[in-house]
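Chain naming follows the written order as A, B, C and D, and within any one chain the residues start at number 1.
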Amino acid sequence: MVKIGIVGAAGYTGYELVSMFARHAAAEIVFATSSSNAGQRMSDIYACPFDTPLIDPANASLDSADVVFLCTPHGASATWAKQVLGAGARCIDLSADLRIRDLRVYEKWYQTHTAPELLPRAVYGLTEIYRDAVAGADLVANPGCYPTGPILGLAPLLRAGIVRGDRIIIDAASGVSGAGATPSATVHFVSVHDNYSAYKPGHTHRHVPEIEQELSAAAGTPWRIVFTPHLLPVSRGILSTIYVDLDPAWDLAHILRALEEAYAGETFVHVLPAGKLASLAHVVNTNRCAISVVSAGAPGEWIIVTALDNLVKGAAGQALQNMNVMFGLEETMGLIA
Amino acid sequence: MVKIGIVGAAGYTGYELVSMFARHAAAEIVFATSSSNAGQRMSDIYACPFDTPLIDPANASLDSADVVFLCTPHGASATWAKQVLGAGARCIDLSADLRIRDLRVYEKWYQTHTAPELLPRAVYGLTEIYRDAVAGADLVANPGCYPTGPILGLAPLLRAGIVRGDRIIIDAASGVSGAGATPSATVHFVSVHDNYSAYKPGHTHRHVPEIEQELSAAAGTPWRIVFTPHLLPVSRGILSTIYVDLDPAWDLAHILRALEEAYAGETFVHVLPAGKLASLAHVVNTNRCAISVVSAGAPGEWIIVTALDNLVKGAAGQALQNMNVMFGLEETMGLIA
Amino acid sequence: MVKIGIVGAAGYTGYELVSMFARHAAAEIVFATSSSNAGQRMSDIYACPFDTPLIDPANASLDSADVVFLCTPHGASATWAKQVLGAGARCIDLSADLRIRDLRVYEKWYQTHTAPELLPRAVYGLTEIYRDAVAGADLVANPGCYPTGPILGLAPLLRAGIVRGDRIIIDAASGVSGAGATPSATVHFVSVHDNYSAYKPGHTHRHVPEIEQELSAAAGTPWRIVFTPHLLPVSRGILSTIYVDLDPAWDLAHILRALEEAYAGETFVHVLPAGKLASLAHVVNTNRCAISVVSAGAPGEWIIVTALDNLVKGAAGQALQNMNVMFGLEETMGLIA
Amino acid sequence: MVKIGIVGAAGYTGYELVSMFARHAAAEIVFATSSSNAGQRMSDIYACPFDTPLIDPANASLDSADVVFLCTPHGASATWAKQVLGAGARCIDLSADLRIRDLRVYEKWYQTHTAPELLPRAVYGLTEIYRDAVAGADLVANPGCYPTGPILGLAPLLRAGIVRGDRIIIDAASGVSGAGATPSATVHFVSVHDNYSAYKPGHTHRHVPEIEQELSAAAGTPWRIVFTPHLLPVSRGILSTIYVDLDPAWDLAHILRALEEAYAGETFVHVLPAGKLASLAHVVNTNRCAISVVSAGAPGEWIIVTALDNLVKGAAGQALQNMNVMFGLEETMGLIA
């Protein structure tokens, strides 16, 4: 049994991990921490039968775990990662601290980095793209919820060198769990229900540099995006509607074939056949990412629609998928495909 | 023009009042206060075109208003009411402070009363029942959101002396705006959406003594209720499903006739014909209260279903209705019937 | 591998079964039928990766299956059950056709029975109550969605002989999937969203005789209920708020202990501790039934709140649970506890 | 009193008109037709207190009305319009039949036109743009729900000649009432709730030629759009997120000033100040259109977000606004601003 520690377990991704490990045959939680809910059990915070005790982070025996999941905010995570690695455990960080390879970019979009020496050691955990590196990693930077879909949908086309134009427009919509469990006016039921609104539009959301980093890595040249997230009146799910120009010589069959080949044998990436569009219904409560392609109406103009569950493939599910890879387990254990 | 003051205008009932006065032909807001949002405009807090400035309560010129609406919490409201009356304005209090006529009952369910001397002066503002008293009042205690429907549905039957048994069971469900605008884990979108839950069940919710007071007043003898509120994943509306035993000699036509006669000529109370059940769709965004009756299956056993919008007929709309009555205006002004 | 047939697989319960069997390690679907969608695959109807072909019912080789699940409407199911048993397969019927043991009661509430000779052979598949009989059955009548919660919540108290009064009031609320997948004005998004409404109130819903049958069986004497279902603006889940009088000598601890003892060792029935109330959040997307108890405010007056997912513990999940029992498999296989 | 006829009154736009006329001081409904619900009253179909009888269309006395609103499908509307005008009444058509000025374009996107001779007589009823023509019209083609927002948001910029590039990308999301009241699998509550999906993407939705016609008219040169509508899990509202390149010499203040000047004095068009983004919450249940502008991150790249209620400013509200203009009434009568 792989021994699991979870730091910051009282948030949505921590709860999702606890739910998944309740169904995982080869792992067991040895500790779960919460600074604000220490002394309670998971079932005191969420309507669930999980009696997992939440302990004070100061009391966590990091060395009792084989791997520690960090569900802590950026800024705090890098410091925790250093301690976890120092205690001899492997580490999967769900924050942004170790996702951005260029320290200057991180510090421009976030803040002063608390452990920049870890950056070269961290593997970006988009499993389908970096599986080999994840397998050998002791430190994984789990991708952001918004980046995962567009990167999976665009990387094969960027690698093929067929993307044209000077920018890619990503119009995305997320369920409210993406904003976290902390109460605020923004996530009050009455604010969100019956509403739909854009926020941090254009080039201002912190997932922009992460997406640009990975699209550029796939292309081998820098790529710029325009990115407009919207808040949906649903709890879970992200749909990204991506406007992209491609080499006009490529038709729909050609484009779909490139995606299918890129994800042949993948359990969790579903390239939909021509005529179908990805929707939240394809993915919610599963670790799937659905990818679909349709003409935008003129030669070379395309719309790529991707969908995933922000808490699963966009966070805890992908983290567990990475753990399964790191420990040589079946990649689907504990996950719904 | 009636000059309006609103204290505590940044909450949902305050916003509702501001929206309604924007459509009211014979009233104008002279001040609106908010302790936490002073210096902002309504359009800074809510997505709306209302530029009403929110001022510090300390700066409110109470005597510039003909009537002041108190959207302040219980405890604070009674003190405000004293000041408003002292300044020569009339006062409509949307809190519970002046609804309970028996001081001991108030202090058992709430707290030490801050202005018990006002209790004899306050008129309980359930307009259809106390219209004459409201017309002459300078102090109105606007009813609670849960009580209004069951009282309107049951009072004519209690007055007729046909209610049997030892208790009335009221199973009610409310939209989230009933919990107020203050952020908390309870009203987080993810907590409420796709959920349905009971809270403060049995004989524990603070609207219990208010309902019992008015049912007892209608009957002329004490009545006891069992009351289970539930939280619905909607923003607005309260449905009450009421289980009551009546004199078996009364059939459906007889019962409906008693209700229709009680509310003949009323614009806002709709007694539905036999075969129709009140639902939130009948009432949301209006000042209506819909009342329906159906057999519970055995002689003398009945189900009364009432519906209203908790922010309108259950709060701000009824407050405005009372104001229209107090100032001799057409009772429907600014309201949707 | 247990070989599975599904008749009427294109509805919600059929889809739920297909989803669960995709995760079941010891069963495989050998056929799935749909009269209206024959020739399509499950992924043509629902947003999912399941390529299960839907065949014309006339082409189903009943004898190729070890067990056939009937997701057909009442009336049609009994005839199918006869054919399935005749072909040598076992049968789990999700319709009402074989739930009511008294033919006259069935024919009063439903219609002329098409296979009354099967009634003595059918086992009512509320697993926690009839597990031994289910284990030896070749014909299981899977319980209705509404009955499962109230029966589980009340049976131990009725068996203990402590229920008082002349009726039990069950106020219930269900998600829209309970109404089935057939489009109608009633299930149009705009009709349900932001709405909440009662339907078939009192003693008119077809689940009334099923609930009364099982409550009476537990008590050993006839029991009558008042039952008011409501339509909730959610897709899944049923909450039942039950008003019941008990022997005043029993306090909360005593009542809870009776329930805990009744369900000791059960994986899927969760008796919540004092102070907690069951909600949809406890159960949706799982095979759980949550049960909670709270005082109604006066001695001997209690409120029991039960919750379950109408498509899982209220239909397909309980059917699979029964199948696991019938075939000697681990009872939790394919199910989320 | 203006005498009103409504043809096709049982759909959502017909119901919306009936609701609005209940609050209109200078108009009264003289007939409302429904082919499928003839003989019923509005309150039989919708949860409302409106007893408006629905008559068979064959029994409508067109000449008893001063103006007839056509809530009939495209194809049928043009034929009705001919009859209405022939009977001497004015006509406001809410279908697409008379919106497209170029017959060939109409017949390419829709079908053979049944009354092409009316096209030159019809005024496109986007009130803020064509008010003078509407005032003198006897035949108004009321705009589509999707087109109204993008046209209002872009027309002033196109007229100013500052739009650059070869296409404008409009990513839009609509509430379910936009799909009409006819039941189908697509609008089943369970299909829409918790879901979000794109449909008719790129250059395939029938509102594309209407939007292109009006953008081109404003610009004086042909404009092409890419348009992706999405289905939102809400009942009402359309948000359009528009990606457009403008002359890099124009900064935000300059752009906003152009919009503010274009809509100075308009009651229903709200240009939001810098830093605010339009959302459904700004507009639902009102006749407002909110317009906002924000940088897309690079010089000359902008995002315009517009919002309106598809049933009000996007349909019945704008139709009533046009009627008020046509009859010389105050433009806001019966409408919420």
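Here, contacts are C-beta pairs under 8 Å (C-beta built on N, C-alpha and C of every residue); 3 or more make two chains touch, one makes a residue touch a chain.
What you are looking at is a predicted structure, and each value in this text was computed from that prediction instead of being measured.
Undergrad: Which chains contact both subunit C and subunit D?
TA: Per touch definition, common to subunit C and subunit D: A, B.
Undergrad: Counting only C-alpha atoms to place each centre, which chain is farthest from subunit A?
TA: Result for max centroid distance from subunit A is chain B.
Undergrad: Tell me which has more C-beta contacts between its two chains, B-C or A-B.
TA: Result of the comparison of B-C and A-B: B-C.
Undergrad: Taking the mean of the C-alpha atoms as each chain's centre, how many Å separate subunit B from subunit D?
TA: It comes to 36 Å between the two C-alpha centres.
Undergrad: Taking each chain's centre as the mean position of its Cα atoms, how many Å separate subunit B from subunit C?
TA: Chain centroid spacing, subunit B to subunit C, equals 39 Å.
Undergrad: How many angstrom lie between the centres of subunit A and subunit B, each centre taken as the mean Cα position?
TA: 46
Undergrad: If I count partner chains per residue in subunit D, which residues reach a count of at least 2?
TA: If we look for residues of subunit D contacting two or more partner chains, we find 47, 191, 194-195, 233-235, 279, 281.
Undergrad: Applying the document's contact rule, which stretches of subunit D touch subunit B when the two form their complex?
TA: Listed in rising order, the residues of subunit D that touch subunit B are 22-23, 46-49, 194, 270, 279, 281-282, 285, 288, 336-337.
Undergrad: Write out the stretch or stretches of subunit C touching subunit D in their complex.
TA: Within the complex, subunit C contacts subunit D at residues 12, 47, 176-177, 181, 183-185, 187-195, 233-235.
Undergrad: If you look only at subunit C, which of its residues touch subunit B in the complex?
TA: Residue positions touching the partner: 167, 169, 171, 173, 191, 194-199, 201-204, 224, 226, 228, 230, 232-237, 239, 241, 243, 277-281, 284, 294-298, 301, 303, 305.
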